[in-house]
Amino acid sequence: MNTFGRKFRISIFGESHGTAIGIVIDGVQPGIALSIEDFQTDILRRKSGKKGTTPRIESDQPEILSGVYNGFTTGAPLAIIFHNQNTRSGDYKLFNDVPRPGHADYTASIKWLDFNDPRGGGHFSGRITLPVVAAGVVAKKMLGFNIGAQLIEVGGVSRAKALASRPEAALPDGGVEEKEELSDSQIWSDVLDEAIREQDSVGGIVECTVNGVPAGLGEPFFDSVEALVSHAIFSIPGVRGIEFGDGFESARMKGSVHNDPFDEIGSGNLNLHVNVRPSKNGAGGINGGITNGNPIVFRVAFKPTSSIGKAQKTFNFATGEMTELEIPGRHDACIALRTPVIVEAMTAIVLADLTRML
Amino acid sequence: MNTFGRKFRISIFGESHGTAIGIVIDGVQPGIALSIEDFQTDILRRKSGKKGTTPRIESDQPEILSGVYNGFTTGAPLAIIFHNQNTRSGDYKLFNDVPRPGHADYTASIKWLDFNDPRGGGHFSGRITLPVVAAGVVAKKMLGFNIGAQLIEVGGVSRAKALASRPEAALPDGGVEEKEELSDSQIWSDVLDEAIREQDSVGGIVECTVNGVPAGLGEPFFDSVEALVSHAIFSIPGVRGIEFGDGFESARMKGSVHNDPFDEIGSGNLNLHVNVRPSKNGAGGINGGITNGNPIVFRVAFKPTSSIGKAQKTFNFATGEMTELEIPGRHDACIALRTPVIVEAMTAIVLADLTRML
Amino acid sequence: MNTFGRKFRISIFGESHGTAIGIVIDGVQPGIALSIEDFQTDILRRKSGKKGTTPRIESDQPEILSGVYNGFTTGAPLAIIFHNQNTRSGDYKLFNDVPRPGHADYTASIKWLDFNDPRGGGHFSGRITLPVVAAGVVAKKMLGFNIGAQLIEVGGVSRAKALASRPEAALPDGGVEEKEELSDSQIWSDVLDEAIREQDSVGGIVECTVNGVPAGLGEPFFDSVEALVSHAIFSIPGVRGIEFGDGFESARMKGSVHNDPFDEIGSGNLNLHVNVRPSKNGAGGINGGITNGNPIVFRVAFKPTSSIGKAQKTFNFATGEMTELEIPGRHDACIALRTPVIVEAMTAIVLADLTRML
Amino acid sequence: MNTFGRKFRISIFGESHGTAIGIVIDGVQPGIALSIEDFQTDILRRKSGKKGTTPRIESDQPEILSGVYNGFTTGAPLAIIFHNQNTRSGDYKLFNDVPRPGHADYTASIKWLDFNDPRGGGHFSGRITLPVVAAGVVAKKMLGFNIGAQLIEVGGVSRAKALASRPEAALPDGGVEEKEELSDSQIWSDVLDEAIREQDSVGGIVECTVNGVPAGLGEPFFDSVEALVSHAIFSIPGVRGIEFGDGFESARMKGSVHNDPFDEIGSGNLNLHVNVRPSKNGAGGINGGITNGNPIVFRVAFKPTSSIGKAQKTFNFATGEMTELEIPGRHDACIALRTPVIVEAMTAIVLADLTRML
């Protein structure tokens, strides 16, 4: 239930305000150089603190309990934990009785009755994606593929449009490059300001591209690349949709437009497969569930953060009456800001498993 | 690789033009009345023959090899096969050398080398969804939920718009009801006619709704309802995207709009959960991966059929030269027409597994 | 529940007196030459008809439904079925009410209630091992290891002792070799004659040796070679015990006697691992769950056949009274006679899976 | 690879001399009272320190990282770790070059090359069974069955014979009861003294009995109770054999002797199944893979500890020459002394999984 993968297999555990959260990663190849430093970049990308993210800041320092010896993975399971520190559990007790709209408070109480740990969302918390990011770092090191995810839309405003509206755009030359250095929080600053001002939240869309993936990964049906990637991606809290290549738009295309005609991309190689490639990648790099050598491309829709300060109707199960709820505490106005690295991690985990299953 | 589920578990096999295709269904509850007749309605819904579907017509008669005794399931695995009859394998030999754009010909030849059975798409064929439909029938009988999928868009034209354009709409009274009796092929007749005329194909979008599903099915992460449903749905050939509830549109909503405020839907019941329900179902019936008692709602995008008569660029691996391909034979101009029942089947299979895992 | 393996995965189905029994084998490598003839030798070894086995003779002709094209495996799932023909279901109806001692009649009726198919033992029948033998044939072809199982004891009489007692032993020269040509039924003829005369049954012990298996297969804990082999072996009806290498006797040895000292078995090879090997193989070819390059050796105890003609006490659940039962019909006086090839098949299936998971 | 179970699922990790060893237990029912104290008895039973066990003494204090809230399990994964403290890694470095006979040093170096952590046996260490014992405690609390394992033989001397030879046996009255209070180390004191004096080791046999298990657990083939129990038991380092009920002896019995005739064990209950039971339990409580309501009974053979002080032949892979090895450090003269609680734990884990899968 909290396990994913066949040969590169992860098991997650932990609650937002418990002692520690963590992950066991089984099936790691022996001999991969691995140190605490390797995790810093990706963990930082997921971290909160910038505009639009919660002011709860955790140190997020991983501790490797097993599986590494003399700086290299051994082949035995890798266990990584993160101690929880900056917890304010008082904020959450209420939600056992008064479930927050859009949250798992209600369904958790049905599934696990009164025994669910409600503090900070407990095991349902997005914080559990932190160990997933750690597993993603390990998977990326095993793969060597170039996996890159970025926000392409926040609150309905595309990256291009948001960039164009930045005052820095007035810079006389090199403007575009400089703007690229802006953080996502800066690029969508106007959208975020409005949401924060209204004590509301916004969603976003992440696009992920994998370059360098070889042809031949995946299986025709239940282990198709799309099936496994979507399985992993929908395990990230807040995801509402996923589409590959031309995605939903493909349903409005003619076959002659959507199909990828094969094209020569080189010549002279005796292995003709090196010379030929589907040309326009409307399939997102996958045919019949199997990678075709093109980049894998997919987009993921994240809903607006459920926790908002604005008053919402809900039900008080203690009193049996309808009530209004203004959620106190520290929220992300846009959780999507922190998700690209999680999307990358889940993708890397799936591809590491598929690669090991070859 | 061709298996899905933990306790209600299916294993599919077969090739489009081989001896037979089939499925083994493990974990069926004993005591379910089951006869060949039970399969007819759903098999008929998947069948070709109407406008926009291939003229290859198979008898599609299931044969139950095991698991049923005296008209009831026994608890032992249910094996169901369908003999292939109406095969014209001559049509397909070419595609080993000249892969069809958008098809698995190319990736299959990379994965399984020259040993892949290319006839009719072999194991990659959409025909393998026929036994899945049979498993769906069994799952539906076990569940008793009301699972209904229907096409809501074909070739970019919504159901409402397509209906409005039918000449039958001119009928003076009762027009709408009568139109509802139209088959999908009739409703989108104009769209299909154009595609057929152009020797091209169109895609479509299917919406699936599950009523009567209890709250509490699913798990927070890797066995979330969305994760498992999407895994199964992306195992259907031709799927490019899936979204739950408000879906991609949720990424453009404010939290205060997307969140489902709880509402009283009744009163007087001592079990307050019966009286209360998230109100607008933007979450598609699922919070934190777990059903909340509302209907499950999701939409699936099907790409236009890959096989088209229209000329397409491709590569001839035998000659090492680019070429044009006009795919001969019998195609579906819109494969999406045949998919609602497959979407239902996959959904039923997932829910049967989740129910048995409770 | 009826599935085994991760990457080389089998799913079995069928009842003894149903339409057909069969198996789906997933994860078969593409390109393995495979025809109906390949199955004949092993199927014949499992077949009944000789002294001590049931006179029910089935044609046991496999039909390959999928996964083979032009004489080679394709990479897609291989489905093989055997039609049941020589069934006399009348023999079995009684056992729903009056369970046979030692049989699954009683536990099946608890698990699957009245829906269990009792005919010929239904899904619990040893006949379901026939498709397992077929899967073993495929696994053996993939592996190329030399897997050999033989009966070493029947009814408490060792092979050596039974051979010594044969009248043919009096032959003046070449006696031993000629005796080796005797079938197991002939070697233990006296033991079997006595059991048949008494309308009783006897058990036996099978020893299996795998030569040519490389070092490095298996995992330290739950996927240790012993764990997986024993899992598969205990899936054969009638198994009561398994032991590897020195087995139970090792519990009575000193460490200095049981341990395998390493020995040079060659020299000059730059890869020293080729020159060195644990010497006496008390570990049965496995250390820490992982093959060490020595032959894998284990023994399996089969209980005496449960079905006997001799009167036994049992309970009549229809009348609520104790009763005596003399089981009519056709039985194996020694089911163990037919099991060596099944033990080989299960072993091959495990090793094929471990090899594919490397 | 380090995971076991379908719905009650454990994942183990850690190395003997690493930071910590631990386990993640998924599928624990919510609402089970659980505290650190619950683990003490079973952990103590596994602990070393008595005669015949290693003088390395660890505090073996479990730390619960997740899954418990306010003293009850929540339904989320339970993560339990044990920090390693009393490690002397210097003892082990040699064994990378000079593998210890009977150990996994050799196979680990083949599988994981030079990256294997050799300290204290690394991930192959019997110490990894400590978290398994912890999982067993949780499983036992979920089940409420009475699972009891005890040593019945050490170094070839049965419990009865060892007891009879104790000087305390001379006590005039009540002698037997008092002797029952003796620890296993005391009962087999003579056997252990001899092994220690010779710097050698001895093995033993453990018998496990489960009372109170309901009829109907298990499946006919691959998930038969024997298959799953043996899978788990062979995951304990040092196991060489397992047998159920009459075990290997059944292979020497007639069917009329081995079969369990049904007997009335009560009367008057309308549910006749309550009144009837197979009488002599030669099947060890299992028919056709499914529990029959009798106690489950099986025996496990443990080999003598591999690590001995006595000189043994081995090969020095650094010098390429044969050598003699006297293993320094702290060993168990009889590892079997510490295993009954591990056998219980594995059994409980299997039964918890089967119970949750019902």
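Letters A, B, C and D mark the chains in the order given here, with residues in each chain numbered from 1 onward.
Here, a contact is a pair of C-beta atoms (placed from the backbone, for glycine too) under 8 Å apart; a residue touches a chain by one contact, two chains touch by 3 or more.
Values in this document were obtained by computation on a predicted structure and should not be read as measured data.
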Supply the minimal count of touching-chain steps required to go from subunit A to subunit C. 1
Out of B-D and C-D, which chain pair has the most contact pairs? C-D
If you average the Cα atoms per chain, which one ends up farthest from subunit C? A
Subunit C and subunit D, separation of their C-alpha mean positions in angstrom: 27
Between subunit B and subunit D, what's the gap in Å when you average each chain's C-alpha atoms? 48
Per the C-alpha centroid definition, the whole-Å distance linking subunit A and subunit D comes out as 41
Junction residues of subunit A - those touching two or more other chains: 1-3, 7, 12, 76, 111, 123, 220
By the document's touch definition, which label belongs to this structure's chain graph: line, ring, star, complete, or other? complete
Okay, in this complex, where on subunit B does subunit D touch? 6-7, 76, 220, 357
Touch list for subunit B against partner subunit A, complex: 1-4, 12, 99, 101-104, 106-108, 110-111, 123-124, 128, 153, 155-156, 195, 198, 200-205, 215-216, 219-224, 226-228, 230-235, 237, 239-248, 250-264, 272-273, 276, 278-279, 282-284, 286-292, 301-308, 310, 312-315, 317, 320, 322, 336
Residues of subunit A defined as touching subunit D within the complex: 1-3, 7, 9, 11-15, 18-22, 24, 26-27, 30-31, 63-67, 69, 72-79, 81, 111-113, 115-117, 119, 122-123
